[in-house]
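To start, the structure itself, in structure tokens.
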Amino acid sequence: MSRIDGRAADELRPVRIERGWSKHAEGSVLVSFGDTRVLCTASVTEGVPRWRRGSGEGWVTSEYAMLPRATNTRGDRESVRGRIGGRTHEISRLIGRSLRAVIDFRALGENTFVLDCDVLQADGGTRTAAITGAYVALADAVAWAQREKLVKARSQPLTGAVSAVSVGIVGGVPMLDLAYEEDVRAETDMNVVCTGDGRFVEVQGTAEGKPFDRAELDALLDLAVAGCSRLDAAQRAALAEG
Amino acid sequence: MSRIDGRAADELRPVRIERGWSKHAEGSVLVSFGDTRVLCTASVTEGVPRWRRGSGEGWVTSEYAMLPRATNTRGDRESVRGRIGGRTHEISRLIGRSLRAVIDFRALGENTFVLDCDVLQADGGTRTAAITGAYVALADAVAWAQREKLVKARSQPLTGAVSAVSVGIVGGVPMLDLAYEEDVRAETDMNVVCTGDGRFVEVQGTAEGKPFDRAELDALLDLAVAGCSRLDAAQRAALAEG
Amino acid sequence: MSRIDGRAADELRPVRIERGWSKHAEGSVLVSFGDTRVLCTASVTEGVPRWRRGSGEGWVTSEYAMLPRATNTRGDRESVRGRIGGRTHEISRLIGRSLRAVIDFRALGENTFVLDCDVLQADGGTRTAAITGAYVALADAVAWAQREKLVKARSQPLTGAVSAVSVGIVGGVPMLDLAYEEDVRAETDMNVVCTGDGRFVEVQGTAEGKPFDRAELDALLDLAVAGCSRLDAAQRAALAEG
Amino acid sequence: MSRIDGRAADELRPVRIERGWSKHAEGSVLVSFGDTRVLCTASVTEGVPRWRRGSGEGWVTSEYAMLPRATNTRGDRESVRGRIGGRTHEISRLIGRSLRAVIDFRALGENTFVLDCDVLQADGGTRTAAITGAYVALADAVAWAQREKLVKARSQPLTGAVSAVSVGIVGGVPMLDLAYEEDVRAETDMNVVCTGDGRFVEVQGTAEGKPFDRAELDALLDLAVAGCSRLDAAQRAALAEG
Amino acid sequence: MSRIDGRAADELRPVRIERGWSKHAEGSVLVSFGDTRVLCTASVTEGVPRWRRGSGEGWVTSEYAMLPRATNTRGDRESVRGRIGGRTHEISRLIGRSLRAVIDFRALGENTFVLDCDVLQADGGTRTAAITGAYVALADAVAWAQREKLVKARSQPLTGAVSAVSVGIVGGVPMLDLAYEEDVRAETDMNVVCTGDGRFVEVQGTAEGKPFDRAELDALLDLAVAGCSRLDAAQRAALAEG
Amino acid sequence: MSRIDGRAADELRPVRIERGWSKHAEGSVLVSFGDTRVLCTASVTEGVPRWRRGSGEGWVTSEYAMLPRATNTRGDRESVRGRIGGRTHEISRLIGRSLRAVIDFRALGENTFVLDCDVLQADGGTRTAAITGAYVALADAVAWAQREKLVKARSQPLTGAVSAVSVGIVGGVPMLDLAYEEDVRAETDMNVVCTGDGRFVEVQGTAEGKPFDRAELDALLDLAVAGCSRLDAAQRAALAEG
């Protein structure tokens, strides 16, 4: 069975990681997974939220949002509605948790890194592209903070890399990195966040249609681990350029 | 290694499912997983949300909330803050999705079932207790709707049962149904929602401390499936009583 | 004329005051006036709101809310609507004022007591049940604070007891402690808050149908004072148990 | 004991009722009780709120607010804070209920009358001045609606008059129509709403300091009834002018 | 071509500036431009917003609002909707900027002046009337602050006067100080804020119908400067009275 | 006097207009004025807002926003704060008005065009870049709507072109198209919106430091008209490409 765009079931869409997209942010990446494009900026500020002051430890957090016309039909702005929707909240929290999994807070010192992930164009996999891009923006911001002496030069605040990919069962076939049209038709949909050495940070699988069994779950996990491994290579390549 | 309350690693806390707790609701359950107590009420109304009208299909949704002093220190009311927090949104959505996984919407007809899950006392596992209790309240509400002829008497709106349990790795040991004190210390935390026949509806695993590997994931899934099987039995027993 | 549930016009519904309902709160009561059930928890924190700091005096406040399906038809959650309704505000303020009427703030020291009154099931008189139960939860929390040395052991922060009851004219007959069905049909509706020695803290009478005259007002006040005297006895009995 | 402004204990402040203050509103009154000044406007619209449509009956409602510098120290605008406070809600509801007590909704037909009561300057008794002024604005608006044939010419939508006054115990002495400085020092504070024929629409008494007994309550009610009788005369005089 | 009210094209409506309208505010003015009536109060508080602390400089800000029935049809209260509309925001900002243009912040010392401009009745030109009245209220409040020794007696916090007027092209004719009916029909609408010596603080011109050319712009500016000069005289006269 | 980036006083920054940036929107432009980059998307929907239904006329509106890290220091998201700030509102309204000035609503038919202008990177002149880019996106969307037969093929919904530029007095010198660093130091700041034939749609001048006189105003208007003429040429060139 061939996919919408002719890919193999275990193939990623073309991945592009453009560093230094913004002149203001301490780290910035425009990441693309096919037609999904997310602008990830890292902002560094001295100090930490009130509940963490005096701990000697830093903080990393994230906010995710979509431009109103990132999608096929225009959505209302959350700023206009006056409320952030459940989906937005959920994804912001996921990105923050994923990045914190590879951070040594003590090495950061009392500094805060905010990763803004704004979806400029959506075609499925916006949260996984956001995590993958945000990691690179974070790495650039940490390097900036070390050059600026906010963070100790020889410390290792990043304990590893992190990337993410979606997998799903579409028409009975486990597939990697679903485009929007595939995602809509998926019976099961899973987002997997892995470290560079192939361990799991998050596994979120949902039966959209019928419940899935252990064999299906295993097949999806295999696909995802392989996909993350290729994303890890893309991140390394991007970071090696600069 | 013994647990806080002396349980074995693969043991559930005492589970209690009290049906008919409310005189007003079409279905109502006070569910307890140890000291976690959640009041689940099912409200039935004719008609469906605007986007579903004319489809001939029903709808099931859920709202989760905590009383301010359900926890050890009092939390601000979300109604007073004027916003629902990300965690609340996320859990409400999870409960709704879990229940919809075992519903035949066409058999429901154009009726809406709202499951309110209010945590009266929290001690870990509030979302899994909520799902487990809400399923029973939903089953009672469906039966009510059939008696009242809102839903056809011979239809089968419930295509299966659904229950949920938390698992986690605490001090290196995979454990079932974490109490709050265990949850706080867990390196990995996972919520698993299963159908009565042991398939998966949701798998949400998070590395709180260090990333987890495939073997750990497998051990947690085994524990969870066994736990859900016992919860399924408790649900059947409760529903058999009435 | 007999009442819905066969009571005499001057008879209370069965009153139950269960102390220690919550494992977390410093004081907690599940109070029932017939089918009306309100969970009252008292939370103690050191310190007082900003405007009272340095005064040497404590503070007591309250928040009242209803679960969405406490009533016969489900109400929207105020947290979801993003606003607290006028009725909720009004009752929260009434409960707070009523409790503060029997508090010596200097004896409390700079500590804050928050009384959360959450209606689990409503059948008329929810605010009067809440006041009656909250007083008992407050008394337990004051005793806890004295044992914990937050409040001086020999101080007398409570200068008296407080309870409340509704009265109304239904079908021309003055009646005590209206159930929901009676409340709906009442021409005049009054809530009266009394101290244990029979003086008034609040008197709130409203003509729902036609205006009432002085003789009717006097009859309602007589009923209310007698009702509060019996509630005061129930509070004493409950507090004597522990 | 003489009062701040030399009045006798049972004396009202100077009352002024200026009709026709606004060129736009269907009825408008600038009412003064001493230095308390409230602008009351009545707005008439055809149709009723959704829940009342098809009933053949009209509706009367009210909104109360204070300008930020109506008081001695500037208060934040509720529009800026994004929420209406509990006190504002409570008073708006009280004014609406008070006016509805003298309305025959059927005679109004399906028309809505909104009474806006905006406090331009506050010196105690703003809610009672608002009710007293709003009644006159409502009477003017009803007459307008009859001239415009929205309401039948010979119908009697107003079944009586309504006015309100505050009373309180200050320094042990029952007093009528408290100015702000007296209100602050009052041990007991009561707002009483009466019909033109001296019956009660609302009685709201609150012990600010120590609880009050039946004799005190009776003395306050006597004062209030006498005060409302004089306000009723002032309303009649104002309405006779036009 | 004669105007609605018979004025000449370059004629202001009758202007009235009543000082001392409020007993509480440090400066207060009821200003009228024809039937447009705005109550302007100035509130003085020691201290400045957080971002300005320690600067030795004061602050002046403004909030504009309309009573719901200031206009021909009743508008919803912004406090009830829970949001301030764009127009309100825009005008509040304009008034604040206009007043700050004639303030020497250093001479004010670290004190804050809030100008509340509440439209009691609207008939076009509410923002220009507000600026014109607010300047006088501010002058009174500055004098008060000097008498109270909050501001140094010999300092000159006001570096000039400021007033504002609307101009527009109606039916092809440039006109001064548009009433509401004219404003609605204007092809171009401009608000101009001038200092007492005839220089510009703000020029805001908008083509409502068709774009305007340079000659039209020049004609409007001429009218506006002449109008502001007469408003400046009216301000001086009002301030000379007290 | 030379400018920060070496431009002449009457020189624009490099202007780039990239059409077709988004695969979803009916019209989309990434516009740059130097380092200021704004993504403008046009969304077309059948139907108009409720207040315009049945008029046979269309509607054009706009929403402006900034990504949190578009600026040098990160700003809070308006969606997270739950309110749109005054500046955002003001600019959204300005963009909408500017575009509507060149629209024949009858030729549009009952269709709505929403222009979203999201600032990806800010360096002064974001609102003028937004208007200039949004016009091109709107032109593309109108052409799309004509191809799709939503709008009549031979109608002329666009009655002209519209572009905008900022001008200001910096260090006494009138300058065109201020970059952020210049804008901050400007004594006077003006935004001018012109039609393609050089007439004015909006003129908004503000004295940031000292008031400006007529000669300065004239110099600024001359600069702005010349600048808009060059922007008009850039828009034509861009639209000619496609």
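In order of appearance the chains are A, B, C, D, E and F, and numbering begins at 1 in each one.
In the analysis below, a residue touches a chain if its C-beta (ideal position, glycine included) is under 8 Å from a C-beta of that chain, and two chains touch if they have at least 3 such contacts.
Here's who's who by UniProt: A, B, C, D, E, F = Ribonuclease PH.
What you are looking at is a predicted structure, and each value in this text was computed from that prediction instead of being measured.
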| item | value |
| --- | --- |
| Given chain B (Ribonuclease PH) and chain F (Ribonuclease PH), the chains that contact each of them | A |
| Interface sides of chain E (Ribonuclease PH) and chain F (Ribonuclease PH): same vs different residues, half threshold | same |
| Computed distance of Cα centres, chain E (Ribonuclease PH) from chain A (Ribonuclease PH), in Å | 51 |
| Distance from chain E (Ribonuclease PH) to chain D (Ribonuclease PH) - Cα centre to Cα centre, in angstrom | 33 |
| Between chain E (Ribonuclease PH) and chain B (Ribonuclease PH), distance of the C-alpha-averaged centres to the nearest whole Å | 59 |
| Residues within chain A (Ribonuclease PH) bordering two or more other chains | 82-84 |
| Graph class of chain-chain contacts, one of line, ring, star, complete, other | ring |
| Neighbour-by-neighbour ring order, given that chain A (Ribonuclease PH) leads and chain B (Ribonuclease PH) comes next | A, B, C, D, E, F |
| Chain C (Ribonuclease PH) partner contacts - residues on chain D (Ribonuclease PH) that touch it in the complex | 83-87, 89-90, 92-93, 97, 101, 160, 190, 194-195, 199-207, 211-214, 217, 221 |
| Contact footprint of chain F (Ribonuclease PH) on chain A (Ribonuclease PH) as seen in their complex | 22-25, 28, 35, 39, 41, 43, 45, 63, 65, 67-74, 77-80, 82-84, 88, 114, 116, 118, 120-123 |
